[in-house]
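Next, two complexes with subunit A in common: one pairs it with subunit B, the other with subunit C.
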Partner chain A sequence: MTEKVKLTWNGKQIEAVKGSNLLQAALDNGQEVAHYCYHAGLSIAGVCRMCMVEQDGVPRPFPSCNATCGEGMVIRNDTPKIKAAVENTLQFHLLNHPLDCPVCDQAGECGLQDYYMKHGQYDSQMIDKKVHKEKVQDIGKNVMLDAERCILCSRCTRFTEEVTKTNELGILNRGDHAEITVNENLKNDYAQNLVDICPVGALTSKDFRFKQRVWFLEEVYTTCIGCETGCSVKVSQNKNGSYRVKPVFDETVNGHWMCDDGRSIYKHVSSPTRLQVASENMNGLFVPADESRVVELVTGKKANFILSTSLTNEEYARFFESIKGSKASVALYTLPTQGPEFDGILRRGDKNANLRGAQKAFEAAGFDHTSAGLDKVLNAISASDVAYVVVPEILYNEDHFNTLLKKIEKASTRIALTPGETLSSMKVFNYLLPVPSFLEKEGHIVNFQGTQRQLNAGLSYGETTKDISYYGKWVNV
Partner chain B sequence: MERIMEKDTANYKDYSLLSYHHIPGVHNLEVFERAGGYEMMKACFDKDPEAIKEVVKASGLRGRGGAGFPTGVKWGFFTKDRNAQKYLLCNADESEPGTFKDRYLVEKNPHILIEGMIISAWALGTQKGYIYIRGEFQQQAVILERALKEAYAKGYLGKNILGKGFNFDLYVHRGAGAYICGEETGMISSLEGKKGQPKLKPPFPAIKGYRGLPTMVNNVESLAAVPWIMRFGADEYKKWGTEKSAGTKLFSISGDVNKPGVIEVPLGTTLKEIIEVHCGGMRNGNKLKAVVPGGSSAPVFNHDESYSVKMDYEDVASKGSMLGSGAIIVLDETRNIGDLMKWTLEFYHHESCGQCTPCREGTGWLESIFKRRETGKASKADIDTLDKTAASMRGQTICALADAAAMPAQGMIKSFRSELEAYIMTPTNTGKK
Partner chain C sequence: MSSHSPNQTHSMGAPFKFTDANLATYQEYLTRYDDVESALLPVLHLVQEQIKWLPQEAIEYVSVLMNIPEIKIKEVISFYDMFYDVPVGRNMVHVCTNITCSMFGGREIYAGLLKHFDTDYLTPTRDGRISLQKMECLGACEMAPCMRINNDYVGPVDLADAINKLEELP
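Here is the complex of A and B:
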């Protein structure tokens, strides 16, 4: 049982867990505290000096990030003394900052801009030569470093030290010549988190650089389908497409972080080669086709469905409902394990985002979800059959998928239901039919812990509202 | 023969720290012991450690590194669990510009420090100690190493010291020459093999220090005073100095005096006496202009303040400066305060560790503002900007370096504003390179 204490923050009573971080308690209670170096997922550095507070009975101001909550504490950060201190400290942060906001990707979500609106002195007294440091450094893993924009909060060095334990980053030199340096190029699989935790534009993502202004983007809060972990994420998108994936704090699953693999899960959704309408294979070239011709073709033929593991529980249920009463056979294609079973942080080798949900749905509908079941279905395919393959949303191992495609060549009619791009290997199909991607549907998946994870729909691209149950109904035509 | 005997006898009457310094070859353990050295160490092993702590506390000895925090009180914060792993560190970094007292003490008489450390280790129950010595003090490090070897050979250090079942290993660690490694947590970081950056407090080193274990850090001079205090008792020690600043203190005097050097006088001695009597007066009979009383981070005293101040913690503080490490820098009328300011600001800009923003950016900016004359951008209002900027750095950082840079700057502005204004408005051509 965690003991609660009451304390007073700027004259307001707030409640917090005894001994918990004072700054975090204030933030949790909706109080505003300027801070750069503090991050709930990292150790305390206490170097940005922005979160200073005064306490009754304590002679000197102190940083709230290095204090713990105690009963009856009376804390203020709205006194003239503290306000002046924050203003001055912000001035020091901006002193040697290049102010290249017009070409900086962080603009719009930058800690310096945000606090400048609130605590800025506006009247610049800096007429001296600024300290210049190296800009545009590619430090590996899609991360770009601009040492000049850096405010040396040390979040990134603490991240590589404490979270990934790879120690690629360090701070070299002293005083105002101190700068972030790479001992070796980034090699950890969580490097993109550095971009997220950097409060300014010092670390930016090569993938996102110069693509969009953040104020033109909206966030979809959903779940990563990159592996069975199922991290909480948000995808930034607008009508032109999706641009980036960032982790969302989730205590039970991913904490503050996500892996680099998960950062690219959005790419197929608004890709120019994304399948948008039903297409027919004309000698290796896919051209838009009339759906009624497909229906005509499959009518009366035996259907074989090979489902993927990245569909939602609801989709599986609707699908099995749609084929009820038919002679269609159904099997499940599971993605092969990729890399170690668990890398010790978040990433898992099992890339099947909703394997547990799929298995449950198969069992409920009386179908075999094992690989033996898949082989059985594949072996039984005859020339007069129709083979439907639901293409996995994220294909880590295309070769493995191609061996599956080899096995369905026996069927005369081969149809792919794909939420993504048209791959070269898809020439094996006669028809390609679009299904919604994970970003275009509401539903649930079950992660490795057996926890239900929510998928949310963002903007839709093309004719992708027809899910697999729509095509499943064709078996009874 | 008699004369030699006299030279071999310690002068406890006049000195506590330099009581052996007149003895030739006292850096040798044999000579030191003949003069009475290591007697107190042997005697203290029969005493209750808590009783030793009490004596040190009662003596009113205050940390001689600069902060002046009572040593006995600091010891009181230390864990009493004798079996717990913990460290005793001696701060011999002595990086404050103008200070060279620890160097003088260690160079001539390393054993007084070692004896003091063994007694302190016994009192505190530490099993391991390090003497963190400034990188530039190569010769002194060699002297200390040799002295340690002698002490080990005699069985005063190592396992089961003098059969008392007490273990204490002592090592010399040489720094790499950063000012900030004289700050106790910066020193601990450096000793741990990291960049010499001060650590966030709390936790204080007494609770969580070197390698995350309880660590006591004391200055050379504080530790070296312990044997004398144990020999004659707290009351005798308190006969020196003032009520709140007990004992004697080493002062490093440099600058425009006839006899610069290290002296040991009771706290509370007037600065006038130090200059006129101990240092033989001002050089060339020049008029005294200013005195930096406690190392480069102490605000400067003008002529009148210098001649009225008594050198103890309280009196110096009441006149707006600090006793610090006891580094007295004397300037005569031929000196320009602008040069002192420039040199001070350059130093702190160079030595800021770069951790906390106000200090990292502020120290550099102070220097830039003051040097605007080199780029032709100077105006008289710059002094106000300088004063304001310095004020906004104070009390905002993990360690006191920001204050150490801001305080002397503000002090010089307070006492010598018109001279500084004239200085910054004098164009130089150094910027045209």
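Here is the complex of A and C:
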């Protein structure tokens, strides 16, 4: 099935699967081929005409995205003929371009800029007036459309047709009047992917636009903790904060895409209201407090830990190690199911990012991870106890969490370990203690398939050295 | 391609349905092609035969009937000049302004007709009788300057001829 063939690309031998896409084969082998409309996750359109190649024995250049690999093909895309073809094609793409790079969010990662530097660098020969189209269009779901910047590669229309099957986008009118149009505002839950696949600045994210220049950002490659799918993502950040989440191609889990819910998982990490230091509740207002006072308070008291499902395997292991030999009871708070179990693309209703890892760690340490176990611990809490609650990193259903908080009110000392913002419902706690967020720790989580997914640490905006095992040690003080 | 404002839809204020005869014709159209999509062009013409133009209701009706997303139908309508998504007059008049007809005065005829009937591109006359549309090549250079009145070719014509012919229309 996967028969390999050898072909020659610009005089270099490359190997590819027989019948596979020629453009993809070249890209996989590190060859440079300019392209706009081709996307590995979408059907072939062949409309941008940028990926032209020449083949020995074929009289005319042809687009490589629409060709398949065969044994002994001799392909070139560095001949003068091809260079001229690409240059002329690019000139047409830029014919009506508004050249608003200084105010365009795509600047720095724009296909038009990149290829202009490589294949362009001519003076415009356009003497007619440029065709003007509507610029700032809010087409829903945090996506903004600028029709003037569009080169009509049709990636977005193919995405709504083939991936989400919602068909909101189309190309209306003809010739230089042709433009991307929404039939009705976007309604799919994967709309932010449109911003990713747009090779130019026509579709930009309302959440990200005008926040940061992309060349001031660094990427952290990590895993989304928004649900049990565990998509591969990269988070763009710099010392001022985190700014956006984009999917990373991962064949086994998420392919090319991710859902819109996952796009906002970064927000609490560098939020101005993120908890930075141990804080004490002074009549509903949290003020920085000395940690030693908390230690004094909890010393000698029975500890009840309610862990969340968004911690890493390593954190669970370290935590159970830290409380070894104590009488502390531990339970697991699982987030309620949100929406359908599986929406058919990526998103799952089970929002517990590392439920499987947590269950395994609980079992290994001899604790009950079921909801019955949670109830048992909650019922057994007495007034003299200390209740620690690890706040779930992404809370979809705050009401459900509040009912949990109601049940710990019996305990005289209530402490929250939170990787995020201070919520209004946290007033039930006496103390808030910071723990690292998912972007500030290395570790693994186990997704719904049982696959180990890697979390990587980026820049830190909060407390990163004191994870839950640090606080766990207090039970043995 | 009757309107250049893609976000604007025009309603006819009542639901649309094919007549029984047209529904039978539609079924016959389906037998002509391998897939349903291919029948879209004749089906849209059939709608225009019935009610002259393509209101939003008709687009929705065809979308459900043929199981084609609305946006795909709108793409087709906006691509072709002879599909109208705005209301038009009872009689459709196409005036050729391509090269041969222009050399013989086609543009002047079009401008003269607009002035005579006090109307604009596609806008129906006040009595709703006529819509005028200038066309690229009608493929009848030997009749230059020519025009198409509903389904009949007329030419060569001069402005006076053209006005007379149009005034006779019901």
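Quick note on the criterion: the second predicted complex is superposed on the first by the 475 of 477 C-alpha atoms of A that agree within 3 Å, B and C clash if a C-alpha of one lies under 4 Å from a C-alpha of the other, contacts with A are read in each partner's own complex, and residues count from 1 in each chain.
We take it that a residue touches a chain if its C-beta (ideal position, glycine included) is under 8 Å from a C-beta of that chain, and two chains touch if they have at least 3 such contacts.
Keep in mind the model is a prediction, meaning the values are calculated, not measured.
Within the superposed three-chain model, A:177 lies in touch with subunit B and with subunit C [touch as defined at top].
Once the two complexes are overlaid on the shared chain, A:47 sits against subunit B while remaining clear of subunit C.
Shared-chain residue A:125: touches subunit B; no touch with subunit C. Legend: residue contacts after superposition of the two complexes on their common chain; A:167 is shown touching subunit C, with no touch to subunit B. Of the two partner chains placed by superposition, A:373 touches none, neither subunit B nor subunit C. Between subunit B and subunit C, B contacts the larger number of subunit A residues. By the touch criterion stated above, A:255 is placed in contact with neither subunit B nor subunit C. Judged by the touch definition given at the top, the superposed model places A:61 against subunit B, while subunit C stays out of reach.
Residues 171, 173-174, 177 of subunit A are contacted both by subunit B in one complex and by subunit C in the other. Remark: subunit C residues 1, 4, 6-7, 69-72, 74-75, 78-79 touch subunit A in the complex.
The part of subunit A that touches subunit B in the complex is made up of residues 44-49, 52, 60-61, 66, 84-85, 88-89, 91-93, 95-96, 125-129, 131, 151-152, 154, 171, 173-178. Residues of subunit A that touch subunit C in their complex: 157, 161, 167-174, 177, 179, 181-183.
Across the interface of their complex, subunit A is touched by residues 178, 195, 200, 202, 349-358, 360-365, 368-369, 372, 375, 377, 385, 392-393, 395-398 of subunit B.
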